[in-house]
Amino acid sequence: MTLLERYHAVRGHTVALTQPLSDEDCGAQSMPDASPVKWHLAHTTWFFETFILERFEAGFQPFHPAFRVLFNSYYNGVGDKHPRPQRGLLTRPSMTEVRAYRQNVDARMARLLAQPDAELDGLVTLGLQHEQQHQELIVTDVKHLLAQNPLQPAYTERPPVAAEPAGALEWLAFDGGLTEIGYPGGDFCFDNELPRHRVHLAPYALASRLATNGDYLAFIDAGGYADPALWLAEGWDKVRAEGWSHPLYWRREDDGQWTEFTLHGRRRLDLNAPVAHVSLYEADAYAHWCGARLPTEAEWEVAAAQPGLRQMFGAGWQWTSSSYAPYPGFKPAPGAIGEYNGKFMVNQYVLRGSSAATPDGHARASYRNFFPAHARWQLTGIRLAR
Amino acid sequence: MTLLERYHAVRGHTVALTQPLSDEDCGAQSMPDASPVKWHLAHTTWFFETFILERFEAGFQPFHPAFRVLFNSYYNGVGDKHPRPQRGLLTRPSMTEVRAYRQNVDARMARLLAQPDAELDGLVTLGLQHEQQHQELIVTDVKHLLAQNPLQPAYTERPPVAAEPAGALEWLAFDGGLTEIGYPGGDFCFDNELPRHRVHLAPYALASRLATNGDYLAFIDAGGYADPALWLAEGWDKVRAEGWSHPLYWRREDDGQWTEFTLHGRRRLDLNAPVAHVSLYEADAYAHWCGARLPTEAEWEVAAAQPGLRQMFGAGWQWTSSSYAPYPGFKPAPGAIGEYNGKFMVNQYVLRGSSAATPDGHARASYRNFFPAHARWQLTGIRLAR
Amino acid sequence: MTLLERYHAVRGHTVALTQPLSDEDCGAQSMPDASPVKWHLAHTTWFFETFILERFEAGFQPFHPAFRVLFNSYYNGVGDKHPRPQRGLLTRPSMTEVRAYRQNVDARMARLLAQPDAELDGLVTLGLQHEQQHQELIVTDVKHLLAQNPLQPAYTERPPVAAEPAGALEWLAFDGGLTEIGYPGGDFCFDNELPRHRVHLAPYALASRLATNGDYLAFIDAGGYADPALWLAEGWDKVRAEGWSHPLYWRREDDGQWTEFTLHGRRRLDLNAPVAHVSLYEADAYAHWCGARLPTEAEWEVAAAQPGLRQMFGAGWQWTSSSYAPYPGFKPAPGAIGEYNGKFMVNQYVLRGSSAATPDGHARASYRNFFPAHARWQLTGIRLAR
Amino acid sequence: MTLLERYHAVRGHTVALTQPLSDEDCGAQSMPDASPVKWHLAHTTWFFETFILERFEAGFQPFHPAFRVLFNSYYNGVGDKHPRPQRGLLTRPSMTEVRAYRQNVDARMARLLAQPDAELDGLVTLGLQHEQQHQELIVTDVKHLLAQNPLQPAYTERPPVAAEPAGALEWLAFDGGLTEIGYPGGDFCFDNELPRHRVHLAPYALASRLATNGDYLAFIDAGGYADPALWLAEGWDKVRAEGWSHPLYWRREDDGQWTEFTLHGRRRLDLNAPVAHVSLYEADAYAHWCGARLPTEAEWEVAAAQPGLRQMFGAGWQWTSSSYAPYPGFKPAPGAIGEYNGKFMVNQYVLRGSSAATPDGHARASYRNFFPAHARWQLTGIRLAR
């Protein structure tokens, strides 16, 4: 696949994700942490326009002069930004205009990509990886929006597929010792995966599979949400302040049965499926209750190179106990694009693996996703360590 | 005009107000105090379905069982309500479905209105008056939404009309004495206008016209927003906490000129037009600075029966110093519909007159509009008294 | 009694109120609405120093240059103010220093009062009335502070006196008609009681006595706090947001008995005593439940001139439905002292009568106390009207 | 020194710290993060009573039954806790009673310590180390309280000592490699310093001394607080939301000179002294501006074993980039006392070294202090790494 082909494939996939949605669905913002789908469509386009066309296109003219501010997410080096919590108020530009914006930028990018240029190619690849990250956010943000609606509408009409029996949880042991983590090279990685460097690990074991809804239900039934001894102090404060008693989208119905809001609407809880939409606090308390702990990101990455572990990718992001921090010798890119990762390296925790909403080919063993400890609207689950 | 003709006229006008708006525009909610246009369209329909069809229609079936909750504004007697700040998250039902809801209810109402029934007629009249109130809210809520958009889009493509020269402000004197206020009877009024009752007024004078933007600009230029001696204590706290230095939609541009966001987009400030979008706090401070005061609602209503005052209706709602309270002997209607007015009679202030957004024939001399002292997104202006 | 004698009597009474309290008790502030006792002691002294000594004393020197700011409550005309919520952080000056401040100002005031001067006398009288208002606040603020303490300490060691049987509630009817309210002259009044002016009242009736704890308990037992139909909308929001289910200091003990925190510590609820520490919202809901309403301030004042009503003074402040507003022709004093009353005339409701904490001789029939509708830490009770 | 002698020495030092303070000073709480001195005095005593006397004393009776709840800080295993933000409202028990509480517990502890018992000795040592931690908090909490007072009172009458010239900052290089951190054994350590374990470090360098006020002033003068490119995103949000433009207690006076609030009152800024009262955000931005970074806790600890670094102890706590996390194999103690450290291991950052307020002999190379990234009221400073 040429880069141009890849460009069209990725960009097309973003638009395909919006197919089941009305323009009204695409405009709403359910909370400050989430963005409207329309905003994702525009912002990913803005990324190409601002970081590539503005630099490489002869006689560059912006598609619309106001978009530079409207669709800037957090790049202070680019200038002003529309306030994040007010993205849902941008009923103009309309979806029609945003689609035209995408087509315009796509056409200009296609012209540019006709000429090979190593630096351009690197930025386009980054732009496509960036767009793939937003593809996952489109899914999780729309899910959060629809979940707020008392009608509990489905995102997709496709019928859900029941999870296979999870099987017994086994423990796989690893020797640890002096080893290496970080991207080993070969293709693309984000700056936060570099440099590859040595770490020393004590011997450890990881669970062969993720914790299931059934596993987590046992924790709930055992009073997990009522016992402060299991919780980080900050997590316990959150449990009480927010009244948490189950994962984000679960509900105990009047008949005592548990349901979960899914992309297929509200459904009977699938006990074999990996538990999702739990915060780090919940993951940690569950691990504590199991007499286990969460893995470090290094333990996870080193184990990923070895056989035997299931559900490493595609089954759910896996909380680690590792705070999101720069690797020794980390160097962000110069200029505004250097704001991509480094400035978020505080009070966030690393998640490893990938979820069902992660685009194919996007994740890898060295990939570092990150969210605050309280975040629950992502597809975040639990792999135990000890 | 028959009641059915009136029904169609009012209902049709609501829909006509949405003509310049996209479905995206109709779904967004710019703040908890405002509602999406789509919600207004559905709620006014819900009013007819819940308070009339449910009672008078044989074999009543709701259009959609969830709408009873989704589009209940504040009637505890009807049951649960969707939380007000989350009205903007209801991307479903779509505008298309809400339009179908309106058509369905309109057809059923037309059948019902074929049979004369005095009680039914009274409720339909109330429903139409209620809908007219929401017509004004549609305009002010959309204005607020569009004002948040950095693109500052216009609601209407019609060109604005410049205000005529305001002319000198004159004082008209009134004798006061023992007099009466409240609806004198004849046609329709809301329960809060009754009973008509005696009040005693000291002699007073009212300004012949509303304060203009030019008048108010003089207050600003004289440092009105910087002098606590002019302000109610609560108003001064607000000025400092919110950084108020001008009416809601004004802006001083880089060239020093003042502009105002209007339904025609952002425009050069029209110095002859009545000042609008000021809170009671600002109205009171301005009056204080003029060596005057705000009228009481009784002073306003008594004066309205006499010749000589201009801009009593259609030029802007006029803050009074009267707290919104029940008239002596006030009786709300029994049942849920009695929640219409009475339960709001605390910490609100009465506004008299009407604005350019008030539907024709809706207001009258005894009409009591009311908003909290800090509200600024309505078309609220100032008539001085002394 | 000469003015100087009155001065010493009032000032001495303030100090006497602090006798049961430690210096630690006097320094704490239990909420932004309440002030530390030490602050009350200093502020009332500041009033004499700032508004009287500074103007009348030859060669005036402030006792401490920082006190002008530290102990200014809300007089913008005097200049800066220490932020109200941080009054409890002023561990310096110490109580010892504040006592010295009082003695110093008292000595200087005594010298000044040796010379008769009408204007001076008027201001001293105002200062003493002001100090009496703070005497009541000292009691209610200390009560609130001690109530927060799990030890539930008593303010006074004197044993409580049980209320006499309340007797049946009777309705006294009044004709209304054209009448007058406002201070009729003779001695001292606050500016907000003037000018005396005519009002017209419809015929009405007032309850012969205040609602008792027993009366109010019946409202609770009947589910009063669970029925939105009884409440003003804003009151109902408060009930749910704050979880109100009884007056401020009541508690239902494990044995099902009700207790109330009092100045004598926590005590079994006295069913004959007037209910206290209810908000306007609760007073209004209770009245609604009784098929009655709250009186207007004019109704209360006119009735106070007639025989037959009990507990008009000394038994509890009585909420009225009257918003605190200027009387027709109201004129505040010029200068900073004019901030005393007028600037609070918004979003507050008038209370009439007086409480057990009101100093002897302070209140009168035309007296207008005022608090926001949600306030509960004052000795606020209920007299019904209809 | 016997354990009993050590007990008396440490307990006596706590009381000595309160010598310059009035009872009023000891009762106030300046913010939820800080506690009143009186509360510290009582809580440290509660620790001995609850974890030692209750278990080891024959016929144990609590000094006061309510103190178990009142002075419990955060031990859920012990039961209920008085809410932290309301510690300043506990005017009872008085300082006199709390002093009696200390003497009572001291006498009982002395009787107990007459009998040697290894388990008891371990708990007493922990209790004394705990008390030393609170000694530092007494100083920083009182400093914060006095800093809020416009009178800017001094804690101590002793004159301040000017810092010696800081000298040029030099870089000391370390090889890294496979090494060990964690308490090596010998005497006492907290559970969070264990187990000692291997880590691999890349080569690195540390600054020979801490950043001075003069160094930091250059960062301010260069516009450090105005350039988002230097800041972590969360730090920049804080800078703007809180209006930060200098360390917590600095102030630029009208004459342009900088002062700092100190235990000696407000003083001219000492340019040679280590900068203190900066958040992790500020430390990180300063390091960024210097082209450097903050050390990890492992880099700091390994370097501490080597010669050449100055101001490692006693000059200020030193922010590291290490999130506070369990060491591999970390095991908290069983029961309530296991809540001491482990449950705080999220969203906190490790500080190394010690400050002028740290009691002699309390800190060591493996000691792990920790605070949230935004905390500024501790004596927190900056050592650069690269």
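A, B, C and D label the chains in the order they appear, each numbered from 1.
Going forward, contacts are C-beta pairs under 8 Å (C-beta built on N, C-alpha and C of every residue); 3 or more make two chains touch, one makes a residue touch a chain.
The model shown is predicted, which means the values in this text are computed figures rather than measured ones.
**Student:** For chain A and chain C, what is the smallest step count along a path of chains that touch one another?
**Tutor:** The fewest touching-chain steps linking chain A to chain C number 2.
**Student:** Most remote chain relative to chain B, going by C-alpha centroids?
**Tutor:** D
**Student:** Based only on mean CA positions, could you tell me how far chain A sits from chain B in angstrom?
**Tutor:** Each chain reduced to its C-alpha mean, chain A and chain B end up 45 Å apart.
**Student:** List the centre-to-centre spacing of chain B and chain D in whole Å, with centres computed as mean CA coordinates.
**Tutor:** Inter-chain centre distance comes to 57 Å.
**Student:** Rounded to a whole Å, what is the gap between the Cα centroids of chain B and chain C?
**Tutor:** Each chain's C-alpha centroid was found; their separation is 36 Å.
**Student:** Which parts of chain C, given as residue numbers and ranges, touch two or more other chains?
**Tutor:** none
**Student:** Specify the contact topology among the chains shown, as one of line, ring, star, complete or other.
**Tutor:** ring
**Student:** Which two-chain combinations qualify as touching?
**Tutor:** Result of the pairwise touch check is A-B, A-D, B-C, C-D.
**Student:** Which stretch or stretches of chain C touch chain D in the complex?
**Tutor:** Against chain D, the touching part of chain C is residues 22-28, 30, 38, 66, 69-70, 82, 86, 88-95, 145-146, 148-151, 153.
**Student:** Which residues of chain C touch chain B in their complex?
**Tutor:** The contact residues of chain C facing chain B are 74, 76-77, 178, 197-202, 204, 228-229, 231-236, 280-281, 284, 293, 321-323, 325-326, 328-329, 339, 343-347, 373.
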